[in-house]
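Note sheet for the following structure.
Chain lettering (A, B and C) follows the sequence in which the chains are written, and residue indices restart at 1 in each chain.
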(Lines give C-alpha, C1' and ligand atoms only; values in the text may rest on other atoms or scores of the structure.)
Protein backbone atom coordinates (compact mmCIF):
# COMPACT_ATOMS: atom_id res chain seq x y z
CA UNK A 1 0.00 0.00 0.00
CA UNK A 2 1.40 3.40 -0.93
CA UNK A 3 1.88 6.32 1.38
CA UNK A 4 -0.93 8.26 -0.23
CA UNK A 5 -3.77 5.78 0.03
CA UNK A 6 -4.07 5.56 3.75
CA UNK A 7 -3.51 9.18 4.64
CA UNK A 8 -6.56 10.48 6.48
CA UNK A 9 -7.85 13.92 7.42
CA UNK A 10 -6.63 13.59 11.02
CA UNK A 11 -3.12 12.93 9.79
CA UNK A 12 -3.29 15.94 7.50
CA UNK A 13 -4.13 18.07 10.51
CA UNK A 14 -0.98 16.90 12.34
CA UNK A 15 1.17 17.48 9.29
CA UNK A 16 -0.23 21.00 9.03
CA UNK A 17 0.70 21.66 12.63
CA UNK A 18 4.20 20.23 12.08
CA UNK A 19 4.49 22.41 8.98
CA UNK A 20 3.58 25.48 10.98
CA UNK A 21 6.10 24.50 13.63
CA UNK A 22 8.84 23.99 11.01
CA UNK A 23 8.05 27.46 9.64
CA UNK A 24 8.45 28.99 13.09
CA UNK A 25 11.81 27.22 13.52
CA UNK A 26 12.91 28.64 10.15
CA UNK A 27 11.73 32.10 11.21
CA UNK A 28 13.95 31.70 14.29
CA UNK A 29 16.93 30.61 12.18
CA UNK A 30 16.56 33.64 9.94
CA UNK A 31 16.24 36.00 12.94
CA UNK A 32 19.41 34.43 14.38
CA UNK A 33 21.34 34.94 11.15
CA UNK A 34 20.16 38.54 10.95
CA UNK A 35 21.35 39.03 14.54
CA UNK A 36 24.89 37.74 13.97
CA UNK A 37 25.27 39.40 10.55
CA UNK A 38 23.95 42.82 11.58
CA UNK A 39 25.08 42.81 15.21
CA UNK A 40 23.17 45.88 16.44
CA UNK A 41 20.08 46.42 18.62
CA UNK A 42 21.01 43.18 20.37
CA UNK A 43 18.48 43.46 23.19
CA UNK A 44 15.68 43.93 20.66
CA UNK A 45 16.84 41.05 18.47
CA UNK A 46 17.21 38.79 21.47
CA UNK A 47 13.62 39.63 22.50
CA UNK A 48 12.47 38.76 18.98
CA UNK A 49 14.14 35.34 19.30
CA UNK A 50 12.40 34.84 22.65
CA UNK A 51 9.02 35.70 21.06
CA UNK A 52 9.60 33.22 18.24
CA UNK A 53 10.58 30.57 20.77
CA UNK A 54 7.33 31.15 22.68
CA UNK A 55 5.36 30.82 19.44
CA UNK A 56 7.12 27.47 18.88
CA UNK A 57 6.35 26.34 22.44
CA UNK A 58 2.65 27.06 21.93
CA UNK A 59 2.63 24.90 18.79
CA UNK A 60 4.35 22.01 20.61
CA UNK A 61 1.61 22.11 23.23
CA UNK A 62 -1.12 22.23 20.57
CA UNK A 63 0.43 19.19 18.84
CA UNK A 64 0.82 17.28 22.12
CA UNK A 65 -2.81 17.90 23.06
CA UNK A 66 -4.07 16.97 19.60
CA UNK A 67 -2.06 13.73 19.72
CA UNK A 68 -3.24 12.86 23.20
CA UNK A 69 -6.86 13.26 22.18
CA UNK A 70 -6.60 11.15 19.01
CA UNK A 71 -6.66 7.42 19.44
CA UNK A 72 -6.15 5.74 16.11
CA UNK A 73 -4.04 7.08 13.26
CA UNK A 74 -1.84 5.10 10.90
CA UNK A 75 1.24 7.12 11.72
CA UNK A 76 2.80 6.40 15.04
CA UNK A 77 1.93 9.03 17.66
CA UNK A 78 5.32 8.67 19.28
CA UNK A 79 7.05 9.54 16.01
CA UNK A 80 4.92 12.65 15.56
CA UNK A 81 5.54 13.72 19.11
CA UNK A 82 9.28 13.00 18.79
CA UNK A 83 9.48 15.08 15.61
CA UNK A 84 7.69 18.02 17.26
CA UNK A 85 10.04 17.73 20.19
CA UNK A 86 13.20 17.67 18.00
CA UNK A 87 11.99 20.70 16.04
CA UNK A 88 11.46 22.48 19.34
CA UNK A 89 14.99 21.58 20.46
CA UNK A 90 16.43 23.26 17.35
CA UNK A 91 14.62 26.47 18.18
CA UNK A 92 15.62 26.30 21.85
CA UNK A 93 19.33 26.03 21.06
CA UNK A 94 19.18 28.91 18.58
CA UNK A 95 17.35 31.02 21.12
CA UNK A 96 19.76 30.16 23.93
CA UNK A 97 22.73 31.05 21.68
CA UNK A 98 21.14 34.42 20.85
CA UNK A 99 20.33 34.99 24.51
CA UNK A 100 23.96 34.40 25.52
CA UNK A 101 25.26 36.88 22.93
CA UNK A 102 23.18 39.50 24.67
CA UNK A 103 23.57 38.34 28.30
CA UNK A 104 27.35 37.81 28.08
CA UNK A 105 27.71 41.22 26.45
CA UNK A 106 29.58 39.85 23.44
CA UNK A 107 30.99 42.88 21.65
CA UNK A 108 31.61 41.43 18.17
CA UNK A 109 30.65 38.15 16.55
CA UNK A 110 33.71 36.27 15.21
CA UNK A 111 33.52 35.42 11.47
CA UNK A 112 33.50 31.66 12.24
CA UNK A 113 30.38 32.18 14.32
CA UNK A 114 28.65 33.88 11.40
CA UNK A 115 29.69 30.93 9.23
CA UNK A 116 28.29 28.49 11.79
CA UNK A 117 24.99 30.42 11.95
CA UNK A 118 24.80 30.18 8.14
CA UNK A 119 25.18 26.41 8.43
CA UNK A 120 22.42 26.37 11.06
CA UNK A 121 20.06 28.27 8.74
CA UNK A 122 20.84 25.99 5.79
CA UNK A 123 20.23 22.94 7.95
CA UNK A 124 16.95 24.32 9.31
CA UNK A 125 15.84 25.14 5.77
CA UNK A 126 16.48 21.52 4.69
CA UNK A 127 14.65 20.27 7.77
CA UNK A 128 11.64 22.47 6.99
CA UNK A 129 11.54 21.13 3.45
CA UNK A 130 11.77 17.55 4.66
CA UNK A 131 8.82 18.13 7.03
CA UNK A 132 6.79 19.59 4.16
CA UNK A 133 7.69 16.68 1.85
CA UNK A 134 6.56 14.25 4.51
CA UNK A 135 3.06 15.68 4.11
CA UNK A 136 3.20 15.71 0.33
CA UNK A 137 4.06 11.96 0.41
CA UNK A 138 5.64 9.95 -2.40
CA UNK A 139 8.56 12.41 -2.59
CA UNK A 140 10.90 9.68 -1.41
CA UNK A 141 13.99 10.97 -3.21
CA UNK A 142 13.46 14.55 -2.11
CA UNK A 143 13.11 13.51 1.56
CA UNK A 144 16.23 11.33 1.46
CA UNK A 145 18.12 14.13 -0.32
CA UNK A 146 17.22 16.60 2.45
CA UNK A 147 18.29 14.11 5.13
CA UNK A 148 21.66 13.49 3.43
CA UNK A 149 22.22 17.24 3.17
CA UNK A 150 21.32 17.73 6.86
CA UNK A 151 23.89 15.07 7.77
CA UNK A 152 26.51 16.77 5.62
CA UNK A 153 25.77 20.16 7.19
CA UNK A 154 26.05 18.66 10.68
CA UNK A 155 29.60 17.55 9.83
CA UNK A 156 30.42 20.97 8.39
CA UNK A 157 29.07 22.61 11.57
CA UNK A 158 31.12 20.20 13.68
CA UNK A 159 34.32 21.07 11.85
CA UNK A 160 33.72 24.83 12.09
CA UNK A 161 33.01 24.49 15.83
CA UNK A 162 36.04 22.33 16.53
CA UNK A 163 38.40 24.64 14.63
CA UNK A 164 36.87 27.77 16.17
CA UNK A 165 37.15 26.43 19.73
CA UNK A 166 40.72 25.18 19.20
CA UNK A 167 41.66 28.66 17.90
CA UNK A 168 39.75 30.31 20.72
CA UNK A 169 41.93 28.52 23.29
CA UNK A 170 44.99 30.11 21.71
CA UNK A 171 43.70 33.63 22.55
CA UNK A 172 44.25 33.01 26.31
CA UNK A 173 41.41 35.44 27.14
CA UNK A 174 39.71 33.03 29.51
CA UNK A 175 36.43 34.86 30.03
CA UNK A 176 35.90 35.32 26.29
CA UNK A 177 36.84 31.66 25.76
CA UNK A 178 34.21 30.47 28.23
CA UNK A 179 31.52 32.72 26.78
CA UNK A 180 32.15 32.16 23.06
CA UNK A 181 32.78 28.42 23.48
CA UNK A 182 29.33 28.04 25.02
CA UNK A 183 27.68 29.98 22.18
CA UNK A 184 29.48 27.90 19.55
CA UNK A 185 28.33 24.74 21.33
CA UNK A 186 24.70 25.86 21.42
CA UNK A 187 24.76 26.69 17.69
CA UNK A 188 26.36 23.34 16.96
CA UNK A 189 23.68 21.59 19.05
CA UNK A 190 21.09 23.22 16.76
CA UNK A 191 22.61 21.36 13.78
CA UNK A 192 22.73 18.15 15.87
CA UNK A 193 19.03 18.50 16.56
CA UNK A 194 18.34 19.02 12.84
CA UNK A 195 20.04 15.66 12.34
CA UNK A 196 17.92 14.09 15.09
CA UNK A 197 14.81 15.51 13.40
CA UNK A 198 15.99 14.11 10.05
CA UNK A 199 16.39 10.65 11.66
CA UNK A 200 12.78 10.77 12.89
CA UNK A 201 11.58 11.93 9.45
CA UNK A 202 13.42 9.04 7.78
CA UNK A 203 11.90 6.62 10.31
CA UNK A 204 8.37 7.90 9.65
CA UNK A 205 8.93 7.70 5.92
CA UNK A 206 10.39 4.17 5.95
CA UNK A 207 7.74 2.77 8.30
CA UNK A 208 4.97 4.16 6.11
CA UNK A 209 6.21 3.44 2.62
CA UNK B 1 -15.52 6.40 31.00
CA UNK B 2 -14.12 8.39 33.90
CA UNK B 3 -10.67 8.11 35.31
CA UNK B 4 -11.93 6.39 38.45
CA UNK B 5 -13.88 3.52 36.95
CA UNK B 6 -11.04 1.69 35.28
CA UNK B 7 -8.39 2.12 37.89
CA UNK B 8 -7.27 -1.28 39.07
CA UNK B 9 -5.23 -2.54 42.03
CA UNK B 10 -2.07 -2.98 39.94
CA UNK B 11 -2.25 0.66 38.89
CA UNK B 12 -2.70 1.72 42.50
CA UNK B 13 0.50 -0.09 43.35
CA UNK B 14 2.44 1.88 40.74
CA UNK B 15 0.94 5.15 41.90
CA UNK B 16 1.99 4.30 45.46
CA UNK B 17 5.53 3.70 44.30
CA UNK B 18 5.53 6.97 42.33
CA UNK B 19 4.18 8.71 45.41
CA UNK B 20 6.99 7.33 47.51
CA UNK B 21 9.48 8.43 44.89
CA UNK B 22 8.01 11.94 44.76
CA UNK B 23 8.32 12.10 48.56
CA UNK B 24 12.00 11.15 48.37
CA UNK B 25 12.57 13.87 45.73
CA UNK B 26 10.88 16.38 48.05
CA UNK B 27 13.05 15.19 50.94
CA UNK B 28 16.07 15.88 48.71
CA UNK B 29 14.81 19.35 47.84
CA UNK B 30 14.35 20.21 51.50
CA UNK B 31 17.82 18.88 52.38
CA UNK B 32 19.25 21.02 49.57
CA UNK B 33 17.49 24.15 50.83
CA UNK B 34 18.71 23.48 54.36
CA UNK B 35 22.26 23.11 52.99
CA UNK B 36 22.32 26.45 51.13
CA UNK B 37 20.46 28.35 53.88
CA UNK B 38 22.54 27.03 56.77
CA UNK B 39 25.84 26.54 54.98
CA UNK B 40 27.71 24.55 57.65
CA UNK B 41 28.75 20.89 58.06
CA UNK B 42 28.90 20.74 54.27
CA UNK B 43 30.50 17.28 54.03
CA UNK B 44 27.77 15.85 56.25
CA UNK B 45 24.97 17.58 54.35
CA UNK B 46 26.42 16.47 51.04
CA UNK B 47 26.47 12.85 52.32
CA UNK B 48 22.84 13.22 53.33
CA UNK B 49 21.96 14.30 49.76
CA UNK B 50 23.88 11.29 48.44
CA UNK B 51 21.91 8.95 50.74
CA UNK B 52 18.60 10.44 49.60
CA UNK B 53 19.69 10.05 45.99
CA UNK B 54 20.45 6.35 46.59
CA UNK B 55 17.02 5.89 48.18
CA UNK B 56 15.52 7.43 45.02
CA UNK B 57 17.59 5.14 42.79
CA UNK B 58 16.33 2.08 44.63
CA UNK B 59 12.73 3.18 44.05
CA UNK B 60 13.35 3.73 40.33
CA UNK B 61 14.64 0.16 40.09
CA UNK B 62 11.67 -1.18 42.02
CA UNK B 63 9.29 0.66 39.68
CA UNK B 64 11.13 -0.53 36.56
CA UNK B 65 11.02 -4.14 37.70
CA UNK B 66 7.36 -3.93 38.65
CA UNK B 67 6.53 -2.43 35.24
CA UNK B 68 8.55 -5.05 33.38
CA UNK B 69 6.72 -7.85 35.15
CA UNK B 70 3.23 -6.45 34.55
CA UNK B 71 1.75 -7.02 31.15
CA UNK B 72 -1.60 -5.33 30.90
CA UNK B 73 -2.59 -2.12 32.63
CA UNK B 74 -4.77 0.67 31.27
CA UNK B 75 -2.12 3.30 31.88
CA UNK B 76 0.75 3.28 29.46
CA UNK B 77 3.86 1.64 30.91
CA UNK B 78 6.11 4.01 29.01
CA UNK B 79 4.44 7.00 30.64
CA UNK B 80 4.91 5.50 34.11
CA UNK B 81 8.51 4.70 33.39
CA UNK B 82 9.10 8.17 31.90
CA UNK B 83 7.60 9.84 34.96
CA UNK B 84 9.79 7.80 37.31
CA UNK B 85 12.79 8.69 35.22
CA UNK B 86 12.00 12.45 35.21
CA UNK B 87 11.50 12.43 38.99
CA UNK B 88 14.87 10.72 39.32
CA UNK B 89 16.49 13.38 37.12
CA UNK B 90 15.25 16.13 39.45
CA UNK B 91 16.91 14.42 42.40
CA UNK B 92 20.13 13.79 40.45
CA UNK B 93 20.55 17.45 39.55
CA UNK B 94 19.89 18.59 43.12
CA UNK B 95 22.40 16.06 44.40
CA UNK B 96 25.04 17.00 41.84
CA UNK B 97 24.61 20.70 42.73
CA UNK B 98 25.06 19.90 46.43
CA UNK B 99 28.05 17.69 45.64
CA UNK B 100 29.76 20.51 43.73
CA UNK B 101 29.29 22.99 46.59
CA UNK B 102 31.32 20.62 48.72
CA UNK B 103 33.81 19.35 46.10
CA UNK B 104 34.61 22.81 44.71
CA UNK B 105 35.04 24.12 48.25
CA UNK B 106 32.54 26.94 47.76
CA UNK B 107 33.02 29.25 50.76
CA UNK B 108 29.69 31.12 50.76
CA UNK B 109 26.48 30.63 48.85
CA UNK B 110 25.47 33.79 46.94
CA UNK B 111 21.99 35.10 47.79
CA UNK B 112 20.75 34.43 44.22
CA UNK B 113 21.68 30.78 44.66
CA UNK B 114 19.57 30.58 47.82
CA UNK B 115 16.72 32.18 45.87
CA UNK B 116 17.14 29.63 43.08
CA UNK B 117 17.15 26.74 45.59
CA UNK B 118 13.89 28.12 47.00
CA UNK B 119 12.39 28.04 43.51
CA UNK B 120 13.60 24.43 43.13
CA UNK B 121 11.89 23.41 46.38
CA UNK B 122 8.64 25.15 45.40
CA UNK B 123 8.70 23.44 42.04
CA UNK B 124 9.43 20.02 43.55
CA UNK B 125 6.58 20.57 46.03
CA UNK B 126 4.15 21.29 43.15
CA UNK B 127 5.44 18.23 41.30
CA UNK B 128 4.92 16.02 44.35
CA UNK B 129 1.35 17.30 44.68
CA UNK B 130 0.67 16.67 40.98
CA UNK B 131 1.90 13.07 41.33
CA UNK B 132 -0.36 12.55 44.32
CA UNK B 133 -3.35 14.08 42.51
CA UNK B 134 -2.76 11.74 39.60
CA UNK B 135 -3.53 8.86 41.95
CA UNK B 136 -6.53 10.56 43.50
CA UNK B 137 -7.98 10.97 39.95
CA UNK B 138 -10.73 13.41 38.95
CA UNK B 139 -8.74 16.33 40.36
CA UNK B 140 -8.38 17.75 36.87
CA UNK B 141 -8.20 21.39 37.92
CA UNK B 142 -5.72 20.77 40.72
CA UNK B 143 -3.37 18.85 38.40
CA UNK B 144 -3.48 21.51 35.70
CA UNK B 145 -2.97 24.20 38.36
CA UNK B 146 0.18 22.46 39.61
CA UNK B 147 1.48 22.11 36.06
CA UNK B 148 0.90 25.80 35.31
CA UNK B 149 2.70 26.75 38.51
CA UNK B 150 5.64 24.44 37.66
CA UNK B 151 5.92 26.15 34.27
CA UNK B 152 5.86 29.56 35.94
CA UNK B 153 8.54 28.53 38.42
CA UNK B 154 10.73 27.23 35.61
CA UNK B 155 10.63 30.68 34.02
CA UNK B 156 11.43 32.31 37.37
CA UNK B 157 14.36 29.92 37.84
CA UNK B 158 15.57 30.69 34.33
CA UNK B 159 15.54 34.42 34.97
CA UNK B 160 17.36 34.10 38.31
CA UNK B 161 20.01 31.88 36.67
CA UNK B 162 20.51 34.14 33.67
CA UNK B 163 20.86 37.26 35.80
CA UNK B 164 23.13 35.52 38.31
CA UNK B 165 25.47 34.17 35.59
CA UNK B 166 25.58 37.51 33.74
CA UNK B 167 26.52 39.19 37.04
CA UNK B 168 29.01 36.44 37.83
CA UNK B 169 30.92 37.19 34.62
CA UNK B 170 31.38 40.78 35.81
CA UNK B 171 33.38 39.56 38.86
CA UNK B 172 36.30 38.45 36.64
CA UNK B 173 37.25 35.75 39.18
CA UNK B 174 37.45 32.99 36.59
CA UNK B 175 37.68 29.95 38.86
CA UNK B 176 34.72 31.09 40.94
CA UNK B 177 32.81 31.83 37.73
CA UNK B 178 33.36 28.31 36.40
CA UNK B 179 32.41 26.68 39.68
CA UNK B 180 29.34 28.76 40.55
CA UNK B 181 28.06 28.82 36.95
CA UNK B 182 27.99 25.03 36.94
CA UNK B 183 26.10 24.89 40.24
CA UNK B 184 23.54 27.44 39.03
CA UNK B 185 23.05 25.38 35.87
CA UNK B 186 22.49 22.15 37.79
CA UNK B 187 19.91 23.83 40.03
CA UNK B 188 18.19 25.29 36.98
CA UNK B 189 18.17 21.85 35.33
CA UNK B 190 16.26 20.59 38.39
CA UNK B 191 13.44 23.04 37.59
CA UNK B 192 13.61 22.01 33.91
CA UNK B 193 13.14 18.39 34.94
CA UNK B 194 10.15 19.36 37.12
CA UNK B 195 8.65 20.83 33.95
CA UNK B 196 9.42 17.62 32.03
CA UNK B 197 7.74 15.63 34.80
CA UNK B 198 4.73 17.97 34.63
CA UNK B 199 4.47 17.36 30.87
CA UNK B 200 4.35 13.59 31.44
CA UNK B 201 1.75 14.04 34.20
CA UNK B 202 -0.42 16.15 31.88
CA UNK B 203 -0.05 13.51 29.16
CA UNK B 204 -1.10 10.69 31.49
CA UNK B 205 -4.04 12.74 32.72
CA UNK B 206 -5.26 13.76 29.25
CA UNK B 207 -4.92 10.25 27.78
CA UNK B 208 -6.91 8.76 30.63
CA UNK B 209 -9.70 11.27 31.12
CA UNK C 1 7.73 -20.02 27.97
CA UNK C 2 11.47 -19.80 28.11
CA UNK C 3 13.66 -17.30 26.33
CA UNK C 4 14.99 -19.92 23.93
CA UNK C 5 11.75 -21.31 22.57
CA UNK C 6 10.41 -18.24 20.84
CA UNK C 7 13.62 -16.87 19.44
CA UNK C 8 13.30 -16.63 15.70
CA UNK C 9 15.72 -16.10 12.82
CA UNK C 10 14.82 -12.42 12.46
CA UNK C 11 15.71 -11.83 16.08
CA UNK C 12 19.00 -13.64 15.65
CA UNK C 13 19.83 -11.25 12.85
CA UNK C 14 19.30 -8.24 15.13
CA UNK C 15 21.36 -9.80 17.88
CA UNK C 16 24.17 -10.40 15.39
CA UNK C 17 24.08 -6.74 14.38
CA UNK C 18 24.08 -5.65 18.03
CA UNK C 19 26.99 -8.01 18.65
CA UNK C 20 28.93 -6.44 15.81
CA UNK C 21 28.14 -3.00 17.16
CA UNK C 22 29.28 -3.98 20.67
CA UNK C 23 32.55 -5.26 19.17
CA UNK C 24 33.11 -1.92 17.42
CA UNK C 25 32.48 -0.07 20.70
CA UNK C 26 35.05 -2.34 22.39
CA UNK C 27 37.52 -1.67 19.58
CA UNK C 28 37.02 2.05 20.24
CA UNK C 29 37.59 1.58 23.98
CA UNK C 30 40.84 -0.28 23.35
CA UNK C 31 42.03 2.37 20.88
CA UNK C 32 41.24 5.03 23.49
CA UNK C 33 43.22 3.21 26.18
CA UNK C 34 46.15 2.80 23.81
CA UNK C 35 46.01 6.53 23.08
CA UNK C 36 46.15 7.66 26.71
CA UNK C 37 48.72 5.02 27.75
CA UNK C 38 51.09 5.58 24.83
CA UNK C 39 50.46 9.27 24.24
CA UNK C 40 52.28 9.67 20.90
CA UNK C 41 51.14 10.10 17.27
CA UNK C 42 48.05 11.80 18.65
CA UNK C 43 46.70 13.03 15.31
CA UNK C 44 46.89 9.50 13.89
CA UNK C 45 45.30 7.92 16.95
CA UNK C 46 42.53 10.52 16.95
CA UNK C 47 41.83 9.71 13.27
CA UNK C 48 41.64 6.03 14.17
CA UNK C 49 39.01 6.81 16.82
CA UNK C 50 37.08 8.83 14.23
CA UNK C 51 37.16 5.87 11.80
CA UNK C 52 35.90 3.49 14.47
CA UNK C 53 33.14 5.94 15.32
CA UNK C 54 32.06 6.06 11.65
CA UNK C 55 32.01 2.26 11.53
CA UNK C 56 29.72 2.35 14.58
CA UNK C 57 27.46 4.95 12.96
CA UNK C 58 27.04 2.75 9.89
CA UNK C 59 25.94 -0.17 12.07
CA UNK C 60 23.40 2.00 13.90
CA UNK C 61 21.87 2.95 10.56
CA UNK C 62 21.81 -0.68 9.41
CA UNK C 63 20.06 -1.68 12.63
CA UNK C 64 17.55 1.18 12.38
CA UNK C 65 16.66 0.29 8.80
CA UNK C 66 16.36 -3.41 9.58
CA UNK C 67 14.05 -2.58 12.52
CA UNK C 68 11.93 -0.21 10.46
CA UNK C 69 11.38 -2.86 7.81
CA UNK C 70 10.45 -5.65 10.21
CA UNK C 71 6.95 -5.61 11.56
CA UNK C 72 6.53 -8.41 14.05
CA UNK C 73 9.17 -9.76 16.37
CA UNK C 74 8.71 -10.93 19.93
CA UNK C 75 11.35 -8.56 21.25
CA UNK C 76 10.29 -4.96 21.44
CA UNK C 77 11.68 -2.88 18.56
CA UNK C 78 12.01 0.14 20.80
CA UNK C 79 14.26 -1.79 23.17
CA UNK C 80 16.51 -2.94 20.32
CA UNK C 81 16.70 0.56 18.94
CA UNK C 82 17.35 2.01 22.40
CA UNK C 83 20.17 -0.47 23.01
CA UNK C 84 21.81 0.37 19.65
CA UNK C 85 21.49 4.04 20.49
CA UNK C 86 23.07 3.67 23.96
CA UNK C 87 25.97 1.63 22.53
CA UNK C 88 26.49 4.40 19.99
CA UNK C 89 26.52 7.02 22.76
CA UNK C 90 29.35 5.17 24.52
CA UNK C 91 31.45 5.30 21.37
CA UNK C 92 30.60 8.97 20.73
CA UNK C 93 31.79 10.05 24.17
CA UNK C 94 35.04 8.08 23.88
CA UNK C 95 35.63 9.59 20.44
CA UNK C 96 34.88 13.14 21.61
CA UNK C 97 37.25 12.71 24.56
CA UNK C 98 40.02 11.51 22.21
CA UNK C 99 39.27 14.34 19.80
CA UNK C 100 39.64 16.94 22.55
CA UNK C 101 43.02 15.55 23.68
CA UNK C 102 44.25 16.29 20.17
CA UNK C 103 42.32 19.52 19.46
CA UNK C 104 43.12 21.13 22.85
CA UNK C 105 46.78 20.17 22.39
CA UNK C 106 46.96 18.36 25.72
CA UNK C 107 50.66 17.76 26.37
CA UNK C 108 50.49 14.93 28.90
CA UNK C 109 47.69 12.76 30.16
CA UNK C 110 47.34 12.93 33.95
CA UNK C 111 47.55 9.53 35.72
CA UNK C 112 43.92 9.83 36.93
CA UNK C 113 42.80 10.15 33.32
CA UNK C 114 44.58 6.92 32.44
CA UNK C 115 42.86 5.29 35.42
CA UNK C 116 39.48 6.60 34.22
CA UNK C 117 40.12 5.30 30.68
CA UNK C 118 40.87 1.88 32.20
CA UNK C 119 37.52 1.98 33.99
CA UNK C 120 35.86 2.90 30.68
CA UNK C 121 37.44 -0.08 28.93
CA UNK C 122 36.44 -2.48 31.73
CA UNK C 123 32.90 -1.17 31.61
CA UNK C 124 32.69 -1.45 27.82
CA UNK C 125 34.05 -5.02 28.05
CA UNK C 126 31.29 -5.96 30.52
CA UNK C 127 28.71 -4.29 28.29
CA UNK C 128 29.93 -6.23 25.25
CA UNK C 129 29.66 -9.48 27.19
CA UNK C 130 26.17 -8.63 28.36
CA UNK C 131 25.07 -7.96 24.76
CA UNK C 132 26.51 -11.32 23.69
CA UNK C 133 24.82 -13.14 26.57
CA UNK C 134 21.52 -11.59 25.58
CA UNK C 135 21.77 -13.52 22.32
CA UNK C 136 22.88 -16.74 24.01
CA UNK C 137 19.73 -16.55 26.20
CA UNK C 138 19.21 -18.40 29.51
CA UNK C 139 22.44 -16.94 30.90
CA UNK C 140 20.43 -15.01 33.46
CA UNK C 141 23.10 -14.95 36.15
CA UNK C 142 25.86 -13.93 33.76
CA UNK C 143 23.80 -11.01 32.40
CA UNK C 144 22.87 -9.76 35.86
CA UNK C 145 26.51 -10.17 36.97
CA UNK C 146 27.69 -7.98 34.08
CA UNK C 147 25.05 -5.34 34.88
CA UNK C 148 26.04 -5.23 38.55
CA UNK C 149 29.71 -4.84 37.58
CA UNK C 150 28.83 -2.03 35.11
CA UNK C 151 27.01 -0.22 37.92
CA UNK C 152 29.99 -0.66 40.21
CA UNK C 153 32.39 0.64 37.56
CA UNK C 154 30.16 3.67 36.96
CA UNK C 155 30.53 4.56 40.65
CA UNK C 156 34.31 4.03 40.49
CA UNK C 157 34.46 6.28 37.39
CA UNK C 158 32.38 8.89 39.17
CA UNK C 159 34.71 8.95 42.17
CA UNK C 160 37.85 9.19 40.01
CA UNK C 161 36.29 12.05 38.03
CA UNK C 162 35.13 13.96 41.09
CA UNK C 163 38.49 13.67 42.82
CA UNK C 164 40.40 14.54 39.65
CA UNK C 165 38.30 17.65 38.96
CA UNK C 166 38.47 18.83 42.58
CA UNK C 167 42.27 18.46 42.44
CA UNK C 168 42.38 20.12 39.04
CA UNK C 169 40.76 23.26 40.48
CA UNK C 170 43.63 23.51 42.97
CA UNK C 171 46.16 23.93 40.13
CA UNK C 172 44.77 27.41 39.26
CA UNK C 173 45.82 26.97 35.62
CA UNK C 174 42.44 27.97 34.25
CA UNK C 175 42.87 26.99 30.61
CA UNK C 176 44.14 23.52 31.56
CA UNK C 177 41.29 23.19 34.05
CA UNK C 178 38.67 23.95 31.40
CA UNK C 179 40.23 21.57 28.87
CA UNK C 180 40.96 18.61 31.16
CA UNK C 181 37.66 18.96 33.05
CA UNK C 182 35.76 18.56 29.77
CA UNK C 183 37.77 15.47 28.82
CA UNK C 184 37.19 13.88 32.24
CA UNK C 185 33.48 14.58 31.88
CA UNK C 186 33.28 12.98 28.43
CA UNK C 187 35.08 9.86 29.68
CA UNK C 188 32.76 9.70 32.67
CA UNK C 189 29.74 10.05 30.36
CA UNK C 190 30.99 6.93 28.55
CA UNK C 191 30.63 4.93 31.79
CA UNK C 192 27.19 6.52 32.35
CA UNK C 193 26.12 5.35 28.92
CA UNK C 194 27.38 1.81 29.68
CA UNK C 195 25.04 1.92 32.68
CA UNK C 196 22.17 3.13 30.47
CA UNK C 197 22.90 0.26 28.06
CA UNK C 198 22.94 -2.19 30.99
CA UNK C 199 19.51 -0.91 32.07
CA UNK C 200 18.10 -1.59 28.59
CA UNK C 201 19.71 -5.06 28.57
CA UNK C 202 18.16 -5.86 31.94
CA UNK C 203 14.78 -4.64 30.67
CA UNK C 204 14.97 -6.81 27.56
CA UNK C 205 15.99 -9.79 29.64
CA UNK C 206 13.27 -9.36 32.26
CA UNK C 207 10.49 -8.75 29.73
CA UNK C 208 11.44 -11.88 27.80
CA UNK C 209 12.16 -14.37 30.55
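As a convention for this text, a contact is a pair of C-beta atoms (placed from the backbone, for glycine too) under 8 Å apart; a residue touches a chain by one contact, two chains touch by 3 or more.
Predicted model only: the values in this text are computed from it and were never measured.
Visitor: Just send me the rotation angle from a CA overlay of chain A on chain C, rounded to the nearest 5 degrees.
Guide: So the copies are related by a turn of 120 degrees.
Visitor: Taking all residue numbers used at the chain B/chain C interface, answer same if over half belong to both copies and different if under half do.
Guide: Different; most numbers are used by only one of chain B and chain C.
Visitor: Approximately how many whole Å separate the CA-defined centres of chain B and chain C?
Guide: Result: the chain centres lie 28 Å from each other.
Visitor: By the touch rule stated above, which residues of chain C touch at least two different other chains?
Guide: Counting only residues that touch two or more other chains, chain C contributes 174, 178.
Visitor: Okay, in this complex, where on chain A does chain B touch?
Guide: Result: residues 64-65, 68-69, 99, 103-105, 174-175, 178-179 of chain A touch chain B.
Visitor: Which part of chain C faces chain B closely enough to touch in the complex?
Guide: 162, 165-166, 169, 172, 174, 177-178, 199, 203, 206-207
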